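What follows is a pair of complexes built around subunit A, which joins subunit B in one and subunit C in the other.
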Partner chain A sequence: MQIFKQNKLMNNEANKANYSYLPLIVIGVTVLIIPLFITNPAIMHLFILVFWFAYLSSCWNIVGGFSGQLSFAHAVFTALGAYTSSVFFIYYGISPWLGMLIGGLFAVGVSILIGLPTFRLRGAYFALATIAVGSTFQTLLTMVDKIGNVRLWGAQGLILPIKGDSWSAFQFRSKIPYYYIMLIMLVGIIFISCLIKESKMGYYLRAIAQDEDASKALGVNPAKYKLLAFIISGFFAALGGTFYAQLQLYIEPSDIASLQLAIQLILISIIGGKGSLTGPLIGTLIYVPLSELTRMYLSSSPIAGIDMVVLGATVVIVILFQPMGVRVFLNKWISNIFFKQREIEILS
Partner chain B sequence: MVPGLQAIFNGITMGSIYGLLALGLTLVFGVIKVINFAHGSLISLAMIITFFWITRITSNFILSILATIPIVFFVGYVIQSGLINPVFKKVKEREPISVLLLTAGLSYLLDNLMQIIYGPFFRTVNTSITGLTWKISSLIISVPRFIGMIVSISMFIFIWFLLKYTYFGKSIRAVGQDREAAQLMGISPLRTYAITFALGAILTGIGASILISFYYVHPTVGSNVFGIKTFIIVVLGGLGSIPGALLGGIIVGLIESLATQFFSSIAATLLVFLIFLIILYIKPSGLLGSKLEW
Partner chain C sequence: MILKVQNLSVHFGKLTALNNLSLEIEQGEILGLIGPNGAGKTTFFNAVTGYVSPSSGKVFYEEKEITHKQPFYLAQLGITRTFQATKPFKDSIILDNVVIGALIKTNIVKEAKKRAEEILNVVHLGSKMHKLARELTVSDMKRLELAKTLVTEPKLLFLDEVMAGLNPSETNELIQIIKKLNKNGITIILVEHVMRAVMSLSKRIFVLDCGEKIAEGTPEEISRNKLVIKAYLGEEYANEYAKNRKN
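And now, the complex of A and B:
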C-alpha cells in the first residue's frame, strides 16, 4: 500500500511536469492576442474591467485569503490611489505614474493605522474596524468639498483633464494600452501572491489563518505577519485605484470608495476560493459575466435589482456547500477529465 | 438655559435607541461568537414590516410593533438554524470565518431583495406619536425619542434579568462561555444559538420599529446608516458586553448631537470615528469588554 501510494505520488509529479503548464501557455497566448481580434472598445472595456476586478480581489486575497482576515477597507485603498494621483495631477501637474506610488504610500499609512491596534486582537475586531473605516471614509469623501485650495468636489466627483495620447499623463485614446497595462499589473500581483504563498511568510499566514494560538505557540508573531500582509495588499489595491481613475477619467465616492465595491471584492474571492492563487481569477470569471448578464436580461424586467439578489444567493449557496469555493469543484472536474481519477492541484 | 443642554438631552435619547439596536448584535456575538454582518439588513427588514402593518393593516402603532415581533423572531430563527448552524456542523472551528462571509452575503441578498419588494423609496409614516413634543421650561422633548429611550432601557433591564436569573438565560450564558461543557450538561448548543439569534432579532426589531415614528424608511437605511453605527458602538462598548452596548450607544449619540450643534455634521462623523480609533488604541477590547483575548 505504501509503495503504491508513493508510486501514485511520483506519477502525479511526472504528470504535473508534463501537462500542467500547457493550459497556462494556451491561456497566456489567448489573453495576449485578444486585442488583435476585438476592436469594439465596449468589449475591450469589459475585458479590462474583468482584469481589474481580478487584480483587486487578488490584492484582497493576500490579506483576506492567506491570513484569513476579513477586510472591508479595500475600497478605501482604491479611493486613496485614485484620488491621490488625480489630485496631484490636476493641481500640481505631477504624472499619475508618480501619483500612483504616492497613493500607494498613503494606503500603506492607512493600513498601518488600522492594523496596529486591531491585529493585536483576533478575528472580528479587524473586520469591524475596517467596516468603520470604510464607511467613514466614504461619508467624508462624499461630504468634503475642499481641503485648503484643493477642491475634491464631494459627491460630484473629480473629472480629470483630457490630454489625449500621452504616456506621461497615463491617458490613451485607444483601449489597447490600458488592456496591456492591466494585464501586466494582474500578472504582477499573481506573481507576488505566488512569491508570498511559497515563502516562509506564506506558511506563517496559513498557520495563522488555521489556528492563531497554535501558530503563536510555535513562535510565529501573528500581529506582525498579518500587518505585513495588510500593508502589501493595501499598497497594490491603491495602484489599482489609480488605474481606474485613468481608465474612466472620472471618479466619484459612491463608485470607487463605496463599501459595495469592497464587498464585491470579498464575494468574488469567496466564490472562486479564498486563499488560493487562481480563486480570485475564477471568481471574477464567474462574477463579472453573471453580474453583466443578470443586469442585461433581468434588470429590465419588472423586478429590478434581481441581479444583485442572484449574486448574494450565489455566495450563500457556495459557502453552504463548499466553503473553499468553486475552485475545488473545478479542480476535481479537470483532473477527472485530463488525468483520469487522479486529483492534481492544477488550480493551486 | 445652559447652551447645549438640548443637544445633550437629544444625544442621550437617540443614543439609547442606538444602544437598543446594538444590543441584538452584541448578544449574538457574546453567545455565538459570530459578527452578524446582516444586522443592518435586519434593522431595515423590521422597519419595513412595521411600515407595512401600520400603513396597510392597522393604524395602531403599538399593535404593529407587536405584530412585527413574531415575524422577526421567525426570520432570526431561520437564519441561524437554516444557514449558520449547517456551517457550524460542517466546519469544526469555534469562530469560522465562513460564517462572517455568509452573513455578509446574506446582507447583500436581503438588502437587494427588500429593494425589489419595497422599492427604492424614501417613505415616512405618521404614527400616533410622530412629531409630538413636550416642553419643560425651554427644553423641548421629542416624544417618539423619549419613548424610544424608555423602551430601550426597559429592554436592557429585561435582558439583564433574563440572562442573570432565569434558567433559560443561564443556559444561554453557559453556551456562550463554553460550548462543549454546556453540551455535556445537556444543553443543545445549536438550538440555543438559534433562540439567541432570534432573541437578538426581536430586540433589533423593537428598536427599528420605534425608529419609524421619527425616521424615514428605506431598504438600505439599516445597512448604511444604523448598521455601521451599531458596529462602532459594539466595538466601543466591548464586543459581547451588554451594558457596553448602552454606554457605547449613548456616547455615540452624545458626540453626534453635540458636534452637529457646535460644528458640523462632517465634524460629527469624524469625531465619532476618531474616538472609535482612540479607544481601539488604548483599550482594544472596548470600554466594558473583558480583558480576555478571545
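And now, the complex of A and C:
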C-alpha cells in the first residue's frame, strides 16, 4: 500500500524512506488493540461510527474526489443497501451477508440508471441532478408503505428482529465484532482506492476531474470512466448501508436515505482532502467529534441552531485556508517535525 | 490523402462560423491555416476534431468517415490537437500530465511513465518532470501541451497557436521541433498568427475570412495575393516579405 509514500524527489534519501512506514504501523497496532482496553459500549459505538463515516466518505471519494463529480446521491446507495438486506432478512429469511451483496448489485444497477443521464451534465448541473435524485428517493421511501406483500413502513422505518449472537444473522450482543468488521471494510475500501489511484483508471479520473476537454484529446472517454467510478463507489456505499442496518437493527428514511448524510460524506472528504487516500480518514476524525461536541454542548443553548452555525463556520474556515484539505497541513507538520524535510508527502 | 473535408458548415444559432469549407490534406504535409480573428480557424479545428458537431458536411480520415465522432475516439485513431488556451492538468506534475496521454497505447502505468519521459526529453522538459504543471512558464506550458499530444503517437496533429506568447528564440526552437516531428511522419495542420512560423513551416497555406476560404497556395503565392493582403496580412507585411525574399 502506498498511503505513506515517499515523494520522488527524496528517493536518494533511502535510509529515511524506511521510517515513513512507522506511522502506519503505529496507527495499525493502536486500532487493532483498542477493543482490548475500551469496555464501554457507547464509546465503542462511537469508534464504529467513525470508521463507518470514514468508509462511506472513502466510497464517495472514488467518484467525488478522484473524478471530481460532486455527487449528492450517495444516501440513495446506503439506503438501498440497508433496505435490501433488511427486507430480504425480514420477509424471506435470507442472511444479511447475502442481502448485503444483493443490495450492492442493486446499487450497481441504480448507479447506472443515475449515471447514464446525469454524467452528460457538468459541474453544478450534475450536483443539482443528484440532489434531485437523492431527495426523490428519500421521499419515495417515506411515502411508500407497502410493495406487494412487503411492508416498508414508510416514514416509521424498519425494525429488524433480534436474534442474539449470530454470525448468519449478522447480529452481535457485543460491539467488538462490529468494530472489527467495519475495520476490515475500511481497510478494504482504502486498499481498493489505492489500486484505482495508481492504475490507468486513476490517472484518467484525475485528468477528467481537472479538464474534461483536455482529457478527451488524449483518448480518455470521460463518460465511461465516470460511470465506472460511480458504479464502484455505489456498490461499496450500499455495503456500508447494510452494515448500518445490522449495527442499529433499525433503519428509517430520514436517517439512512437523507440528503444530510450525503452532505456529511462530502464535507468529510473536503475537510480532509478530497481525491487523496487519507483525506476521508482525516476528515472523519475532525468532523465526527466536532459534530458530536457541537450537538452535545450547543444544541440546548438559548440560540436555536447555534451548533450548526459553529459546525458550518469550521468547515468554511478549513476550506478557505486550505482548499486541498487538512491533509496538506498535516503533511507539512509531520515532515517538518519527524523528518526535518519539507517535501515529503507522508499522507498521500 | 490523410484528411478530406467536404462542404463543412458550422452554425451557432443564426451565426455562420464556417461556411461550406472543403479541404484536402496529403500524408506528410504541413498545412498552415491563417485568417483574421473570428475567421473560423478554431471552429474548423473544433469541428474536425469532434469538439463541435458540424451542421452539415462530411469529414473523412484515411477514406473513413469520421463526422460527428467523439474526440477520444479520434485520438485513438491517431488524430489529436492542442488548445489555443493551453489546457494542462494543473494540479498534476508534468510527468503525470504526459503519462495520461501515454496510457492510450498501454494499460500499464510503468510503461506509460517510461514513454512519457522519452517524449519530455524530446521537447526539452525532461529536467522539469516533477514540477507541478501550474508552476510552468508560458513557453514550457506550450511545450507540455505538445508533449501531451505527441505521446499519443498521432498521425494527424492539429496545432492551435502554439507559438503565441513566445519570444523569438523560443519560437525558433519550437519551429525546429515541429519540423522534426513532420520528418518523422506526422501530418500537421497549424493555426498561427506568427507569420514567420507559418511561412517557414507550411508547404501550403489556407486562408479563411468570415468562415469562408478566400485563398489557398504556397507561402509565396499567399504573400502576394491581393485578397489576403487586404483581409489579413496588410500592405506592410507583404512589402517586407517580398523584400526578404529578394535578399
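Everything below uses one rule, namely that the second predicted complex is superposed on the first by the 331 of 348 C-alpha atoms of A that agree within 3 Å, B and C clash if a C-alpha of one lies under 4 Å from a C-alpha of the other, contacts with A are read in each partner's own complex, and residues count from 1 in each chain.
Simple rule for what comes next: contacts are C-beta pairs under 8 Å (C-beta built on N, C-alpha and C of every residue); 3 or more make two chains touch, one makes a residue touch a chain.
This one's a predicted model, so the numbers in the text were calculated from it and none came from an experiment.
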Once the shared chain is lined up, is A:267 touching subunit B (first), subunit C (second), both, or neither of them?
-> first
Touching A:139 in the superposition: subunit B (first), subunit C (second), both, neither?
-> first
Count the residues of subunit A touched by subunit B and by subunit C, then name the partner with the higher count.
-> B
In the overlay, answer first, second, both or neither for which of subunit B and subunit C A:316 touches.
-> first
Is A:278 in contact with subunit B, with subunit C, with both, or with neither (first, second, both, neither)?
-> neither
Please write out, lowest number first, the residues of subunit A touched by both subunit B and subunit C across the two complexes.
-> none
Contact footprint of subunit A on subunit B as seen in their complex = 29, 35, 37, 83, 86-87, 90-91, 95-98, 100-102, 104-113, 115-116, 120, 224, 228, 231-232, 234-235, 239, 265-266, 269-270, 272-273, 276-277, 280-281, 284-285, 293-294
Would you mind writing out the residues of subunit A in touch with subunit C in their complex?
-> 8-9, 198-200, 203-204, 206-207, 210-211, 213-222
Contacting residues of subunit A [partner subunit B, same complex] | 68, 70, 113, 116-118, 120-125, 127-129, 131-133, 135-136, 139-140, 143-144, 209, 263, 266-267, 270, 303-306, 308-309, 311-313, 315-316, 319-320, 323
Counting only contacts in the complex, subunit C reaches subunit A at residues 49-51, 70-73, 75-76, 80-83, 87-92, 96, 99-101, 103-104, 107-109, 112, 130, 148-149, 152
